[in-house]
Amino acid sequence: MPDAKDDFKVETWNSKPAKGSAGKTGLWRTFRPVINHEKCTRCEICVLFCPEPCIELDQEDKSHKKGKIIIDYDYCKGCGICANECPQHCIDMIKETEFLKDEEKEDK
Amino acid sequence: MFEEIRWHGRGGQGAVTSAKILADAAHREGKFVQAFAFYGAERRGAPVETYTRISDCHVKRHSQIYNPTVVAVLDPALPKILYLKGLSKNSTLIVNSNKQMEFSSEIDCTKFWVDATQIAIDLKLRVSESYITNTTMTGAVAKATGLVKLESVIEALKNQLNERIWEKNIEAVKRGYNETHPYNNGGK
Amino acid sequence: MVTTKEILRLPEPILAGHAACAGCSSSLGLRYALKALGEDVIMSVPACCTSVWQGPYPKSSISVPVLNIAFAAAASAASGISGALQAKGNKDTTVLAWAGDGGSVDIGLAAISGAAERNDNMIYVCYSNESYSNTGVQKSGATPPGARTTTTPLGRVGSPKDISLIMWTHNLPYVATACTSYPRDFITKLQKAQTMDGFKFIYLLAPCCVGWKFPAEKTIEIGKLAVESGAHILWEAVNGDIKLSNLSKKYEDPAKRKPLAEYLKDQGRYKGIGEDMIKAYQTYIDHQWSIITSLAKISQ
Amino acid sequence: MTVSDNRPKSLGHDEPKTFIISGNHAAAYAAKMARVEVVAAYPITPSTGCIEKVSDFVDGGTMGANYIKVESEHSAAAALIGASATGARTFSSTSAHGLLYMAELVWWAALARLPTVMSIVNRELAPAWSIWAQTQDSMGLRDSGCLQYYCKNNQEVYDSVIMAYKISEHEHVYMPSLVCQDAFILSHTNAPVDMPAQKDLDDFLPAYEPKHFKLDPKDPVTHSSLAYPEHYRQKRMNIMESTHRAKQIIKDVCADYKKRFGKFHGDLLETYGIDKKTKHIIISHSSIAEEIEVSVDMLKNKGYDVGLIRVRVLRPFPDEELRELCKNIETIHFIERAPSYGFKGIIAIDTMAALFEGDARPKAFHHIEGLSGMDVTAEYAADLIEKDLETLK
């Protein structure tokens, strides 16, 4: 069909799967879960119950035969479920402000 | 040619089918047609009107028929006031009755009668409490008006009705066609 | 039953950085659901928390195709999806209707009932946070007795509708209840449902820290207490035969249940609610138990 | 064009054929011959005849569609959306309260850009209960983005349903279509409808292949999630552009259909008895307009210089076309079945807005007629116009 604006395209509301659909949700956090890797048995209960999900077992990590649990702080909202459910009680919820101080210290 | 046929019956007697069979028959003879009804809250037994239009060319009208060229009455017990409205002296009136019914002298259109109820009784055309006179009346209209050929009506009937009931109804059409009588005074 | 390790090794269907509240169990529930059902899934989602937390245009945190649809229309849109797949000879793709309790128990009830009566091929999961959480926690038809919401500020009077039993009366191939705190049970039920044709219904209790007013980290704990106190009964019905799930079996004996008070003590929505309302909740729970166990007996 | 084997079967006739059928059946035949894949519908008088016929086709094995017998019109429209989004050609039929009940999802289908087609039997709204013709039900949805066609007879209903698929599925359009007919006056009136051979129709209307989005696990997208205000203007103006473009597409499709099958009922509008010097124009719609063609003949015989415009497509609205036709006229006479309470007839409102962008300022006469299917006979309409014109003397 001849038309001047032939680059015209119908647009629709197609959202593509991507991480961070709501941005870096780590910014929502007031408490940060910190894992005591010494105590951690790699049972992965924290991975199972993370609603984000932003905790995974890095099986490639050589520090332990089962690998290492890592938390993606870019997206972790700090809900604390992981700490609450951890059978070893090896996740501590630490105020974000503590880390701010550290980072400020580093800046200086 | 522009003919407007109005059918009068009661809910359940099949006046809609009469209108459709006549339209179908005329269409087989190359005419443009319409077949419709005034639809309300139809209940079995209540008086109903249906309509057929037949024309040489496409019909633009969609309104009901107020000045029919033909009126066919499926049930002799219907009040005359319902079916005599809009008749002119050029109209043709075909009434299901067992004899010439009396009409006032003002009704000076061409008149025919056919005992469609007796034909229905003979052929056992009955649904619950009603005798079905619709197909007989299409034969009667074909005969009285010459609008369509008997064969066209039979073909149309086959198209409109379930094969199961063809035989009786074809007989009804034929008897309707053959047993339709003009009023003694030349139809007037 | 699927093992925890197996669940952990299934691909992650939910992408981090979505817009759910911290500690949201509905995102957790969908994570389990899609782990269970795999990648060949099409979802319909009505207005509910998930329509928000999946993330704003142009990104999505759900890795399978999703049709967002009007509040009352999750089941009927899924019927359309399922009908189209059938028309195109696709027997493989699973249709998942994923709706909250408001969209299922209340405004969408006619549509679910219709889809169920037609036995349209889909899995319908009603994830229930027992209120209209997405609009700010108003009472829904699933709100339990005594619970405080923004439209029942003095506590909910009367009893909720048991949507699972309503669906059970539709003579369906599969009806079950589940809870986000028990992923193995939920996933096993979904996988069982996936092998069946027709309309499969699962009621998933999804504790809401915002609506129920408990600390976010207790989301799993609260869900477990719901089952352990007997407030939420886990059961399933294959072709109508009701059976208590193992997790709830031991609580058939009321003496083995944790006190209801223990389930409610961390929930702000029950703070200061009078004893009579709590008693009404207990009466409701006992009544539900008698129905389910009676039906389970008939099924044996 | 060859038709792929996975298209739903339609045992349409091998040769062109004529059936004496109702407007409802005309729409059903069209849906069948368009090889619709999913039908979802709920019965309501007077559109029931359409879905009953579809049921006959489906159960009789002559239509390969999947007919979802939903429990409400709301669910009917939702099912169409689900099916259309999954890539199926879809169809439904409803009327009056049914259309209003599905209104939420009629808008949804439009704003989701889904090219579904529905046969609408225009019926009066209660209270009081009425089952007869009035066009407010669909005209009240004129802002939804749905393309709206108002047919004058059964032939046009059949042809318009077929053409509506072609138009709605045009890659620049992707909007739903409502093909409207008057309750009983068309829906229950039997008249001859000519239909082309199935193979010729298949050439005209190829299988539906979604071009802009589809629910497909191999290429997952989330459709219509939350969006922030900054995205809306562009998306909504895109609909505006599509619906504007639809005007030319409608003209082209109607011309193509005419060339192939010899049927033409106007495109955006249809004129009758109009030339460059016509001074008085009647504007009407639907089946009333066809009857008014008879009125125009009557008035011309009496020496009146009148002509008729039938607005066939209400959305997109034929504004430029009306401006062109009304450039030199003195009076304009609206006869319509749809009032907008608090103002005037719906077509009058739109027409006058269109004329305001031109120089013509004809004197307007407004007639709301035919409500609840009241007959507007040719004589009655002619009389209305004659009285209008007498006031000018």
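In this document, chain identifiers A, B, C and D correspond to the written order of the chains, with residue numbering beginning at 1 in each.
To be clear about the criterion, a contact is a pair of C-beta atoms (placed from the backbone, for glycine too) under 8 Å apart; a residue touches a chain by one contact, two chains touch by 3 or more.
Computed from a predicted structure; not experimentally measured.
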| item | value |
| --- | --- |
| Chain pair with the higher count of C-beta pairs in contact (A-C, B-D) | A-C |
| Distance between chain centroids, defined by C-alpha means - chain B, chain C (Å) | 63 |
| Whole-Å separation of chain centres (CA-atom averages), chain B against chain D | 35 |
| Euclidean distance of C-alpha centroids - chain A vs chain C, Å | 26 |
| Rounded Å distance between chain C and chain D, as computed from the means of their C-alpha atoms | 42 |
| Per-residue multi-chain contacts in chain A, two or more chains | 13-17 |
| Multi-chain contact sites of chain D, meaning residues that touch two or more partners | 220-225, 227 |
| Multi-chain contact residues (two or more partners), chain C | 19, 54-58, 60, 62-63 |
| Set of all touching chain pairs, with the criterion as stated earlier | A-C, A-D, B-D, C-D |
| Complex contacts: residues of chain D adjacent to chain A | 112-113, 170-174, 211-213, 220-225, 227, 234-235, 238, 241-242, 245, 248-249, 252 |
| In the complex with chain C, residue positions of chain D that touch it | 6, 8, 37-38, 40, 64-66, 68-72, 74-76, 78-88, 90, 104-105, 108, 215-217, 220-228, 231 |
| Partner chain D, residues of chain C touching it in the complex | 19, 39-42, 44, 51-52, 54-58, 60, 62-70, 72-73, 75-89, 93, 110-111, 113-115, 117-118, 120 |
| Touch list for chain A against partner chain C, complex | 13-25, 28-29, 44-45, 47-54, 57, 72, 74-75, 77-81, 83-85, 93 |
| Contacting residues of chain B [partner chain D, same complex] | 19-20, 23-24, 27, 32-39, 59-64, 66 |
